[in-house]
Amino acid sequence: MGKPLIHRSPMPGLGLSMGVTLTMLSLVVLLPIGALLWKGASFGVGNIWDTINRERVWAALFLSFRLSLFAALFNLVFGVMLAWVLVRYRFPGRRILDAAVDLPFALPTAVAGIALTALYAPNGAFGSIAKELGAKIAYTQWGIFIALIFVGLPFVTRTVQPVVEEIEREVEEASATLGASRGHTIRWVILPMLAPAALTGFALSLARAVGEYGSVIFIAGNIPLKTEIAPLLIVIQLEEFNYDAAAAIGIAMLLISFAMLLVINLIQVFSRRRIGYV
Amino acid sequence: MHIEIDEISKQFGITAALHPVSLAIPSAALVALLGPSGSGKTTLLRILGGLEFPTSGRVLFDGQDATALTVQERRAGFVFQSYALFRHMTVFDNIAYGLTARPRANRPPRAEIARRVTKLLDLIQLPAVGTRFPSQLSGGQRQRVALARALAIEPRMLLLDEPFGALDAKVRKELRQGLRDIHDETGLTTIFVTHDQDEAMELADLVVVMSMGRIEQIGKPADIRARPASAFVRDFISA
Amino acid sequence: MSDARLIPFRPATEETPTTRLVLIGLAIGGLGLLVFGPLLIVFAEALAQGWGAAIAALSNPDAASAMRLTLIIAAIAVPLNAAFGIAAAWFITKFDFRGKAFLITLIDLPFSVSPVVAGLCIILMFGSNSLLGGWLVASGYPIVFALPGIILATMFVTFPFVARELIPVMIEQGRAEEEAALTLGASGWRVFATVTLPNIRWALLYGVLLSNARAMGEFGAVAVVSGKIRGQTATMPITIEMLYNEYLSVAAFSLAAVLTLLALLTLLLKTALELRHADQLAAARRP
């Protein structure tokens, strides 16, 4: 006798809530994703590989992944620092800073895209300063890097902040009474405690950046092999009604996303098992 | 080590946690700071450990002014009420922490650290828990690990904040004797904070009764029991 | 060394004043470059030729139609997702069944799918060259390059918001109150309306707020399915792109400023909710 699929319960609304949940989930999410996979299956693995295995596609996938990784690494460091500053320090404007961290979630990506471009273009407020220094930001990989930092900015801060709030002061004091300098305490006691949350935020930030489109295309310049991101390739294929090729690249990106989702979950399971907390 | 507290006071904002108090603690004594919550006993302990800074007054270790010494410089073995073990480190790494945290120049070699940690694990009678994490230990085991961690730095004194506070009655009795044994074996000047008068009377050589930021009485347990210096002391020890 | 008061004391849990200053400076500087800068430039560019030009740009028929479309989309997609979020949270927290963790993962799936891929999925499912889409177009109900496709794309990208917020809150609150109401003879709907809903209303509002902000601002998924027909399927973000690509900077940024004000309002309400009703929101403030 196995476990029942659904335990009997006196709670009302089983049929309705299950029906609405499964119907909408299927209609909005599962069937469309299924359509992509179906398209891929009928196109064939060989054809998918031939589509992806072209210089321009590899360049775009590699660019998207590499810059997303750099942006997520930047956000990992900056996000942990920001979480620390927002929780531990009291200074005028702290609340505004705290609220501002969420702006990338609330601001439409197209708005962020044109705003960042206006700011970092060679004739923009920050871009002109960079130009003086002999650097070009917008329409180069630096521009994409900045846009990807922007969209991933809140993830690390928001996952790490509650953990910083919960650090017991006594643990830090214990480290000091044992002779450790403040720097040693931060490196060997505090950062290891923040690591699982920070890694989760890092992975979320990475996943978001790899798929990002709206905030990047304005600032990217979109030059094939140089500043062309993977999602843009899908859009280009669709504009040419080349659905098979679009599906092939879409499947490649979907697989990358799933792999990252798996990694996020593994990190959480690992840290929960080993240390007994996340 | 002989400890002298000279007219120490502590203000938190407008509230006085400690009115000027003075106290001399002889070398190798086992002293209890006894009092209800809010009596200033933990504040006094934290000032000795360098975790709080007095508003006025001095602390002397063996006659030397130690008031300005940082926490790190004091070398006070401090056991926290919550134990404050590092939960991402094994028991071994927890105990070794004070040694590995030293600057490279005076850090003992790895083998020496391992030898000392093993010795301390034997001392607290938990020879086999080195590879475990704190979350895998019982409350009483955690308390002993915290004690071993504090002893690893070869402290000049041992300071314990409610060391038995988080334990159930049976374990508490066992560990009292454990602390007594460790004190006798190491000969360290040991000060512990407690609100439990039984614990203070049974364990300490010298009991300091505190209330409202003041010292009400200092004496041997028998003397305090026989001749309470104030109505407060009489009420508190008979409770 | 004798007078205690003259010696600066730093608690063991604090960094040196210099370190603090540097870290606070880096935080303000970083957010200035990444967040406050873009925020200010939107309004500066919108008003580059004065208020008149900005207002004229917003009263242009295409801009007006874009705003209307965006409102319609949000008005349909957000309530539908709220209904889904409530149903899913009820199903997941009030019943025990096998595969619950898997179901939650499926609900979270849209967070890890690129918006462009989401749009692509909807085209492949409902586009005119798919089986279902071909039939729908033939019957006179086109999905892609029309309003239903945009709504579906919007729902896809905002799908998990409400459920994500409600599930932890409802797990924490348990089932005891609902069970008590049932024993007192209340009907299912009555239990939900008088017991559950009051307990989750702030969390629900929080989820709806986030979901609405994303719905009104979604670009990638909508760009793929909309067809970008001016005055018909061009939402506000799509219109911003078209204007920007035509070098109509003031017009693009004026429309962007409207969306930015909306984003700021969302943040304000969100912060107010977090301050007032922190205890009734999901413990982890995960996006």
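Chains: A, B and C, in written order; residue numbering restarts at 1 for each.
As a working rule, a residue touches a chain if its C-beta (ideal position, glycine included) is under 8 Å from a C-beta of that chain, and two chains touch if they have at least 3 such contacts.
Because the structure is a prediction, the values reported are computed rather than measured.
Two chain pairs, A-C and A-B, are weighed by contacting C-beta pairs, with A-C ahead. Overall, the chain located most centrally, as judged by its C-alpha mean against the mean of all protein C-alpha atoms, is A. Remark: chain B and chain C have CA centroids separated by 52 Å (rounded to whole angstrom). Chain geometry summary: the mean Cα position of chain A and that of chain C are 15 Å apart.
Distance from the chain A centre to the chain B centre is 47 Å, each centre being the mean of its Cα atoms.
Looking at chain A, one finds that residues 173, 175-177 touch two or more other chains. Residue positions of chain B touching 2 or more other chains: 50-51, 71. The set of chain C residues that touch two or more partner chains comprises 12. Within the complex formed with chain A, the chain B residues making contact are 49-51, 71-72, 74-78, 80-82, 84-89, 97-98, 101-102, 133, 135, 149-150, 152-153.
Interface residues of chain C, counted against chain A in their complex, comprise 12-16, 20, 23-24, 26-28, 30-31, 33-39, 41-42, 45, 80, 83-84, 87-88, 90-92, 94-98, 103, 105-107, 109-118, 120-125, 127, 129-130, 152, 155-156, 159, 175, 178-179, 182, 187-188, 191-192, 210, 213-214, 216-220, 223-224, 236-238, 240-241, 244, 249, 252-253, 256, 259-260, 263-264, 266-268, 270-271, 283-287.
Interface of chain C with chain B (complex): residues 1-2, 4-5, 7, 9, 11-12.
On the chain B side of its complex with chain C, the touching residues are 50-58, 65, 67-68, 71.
The touching residues of chain A, when paired with chain B in their complex, are 168, 170-171, 173-181, 184, 188-189, 192-193, 195, 274-277.
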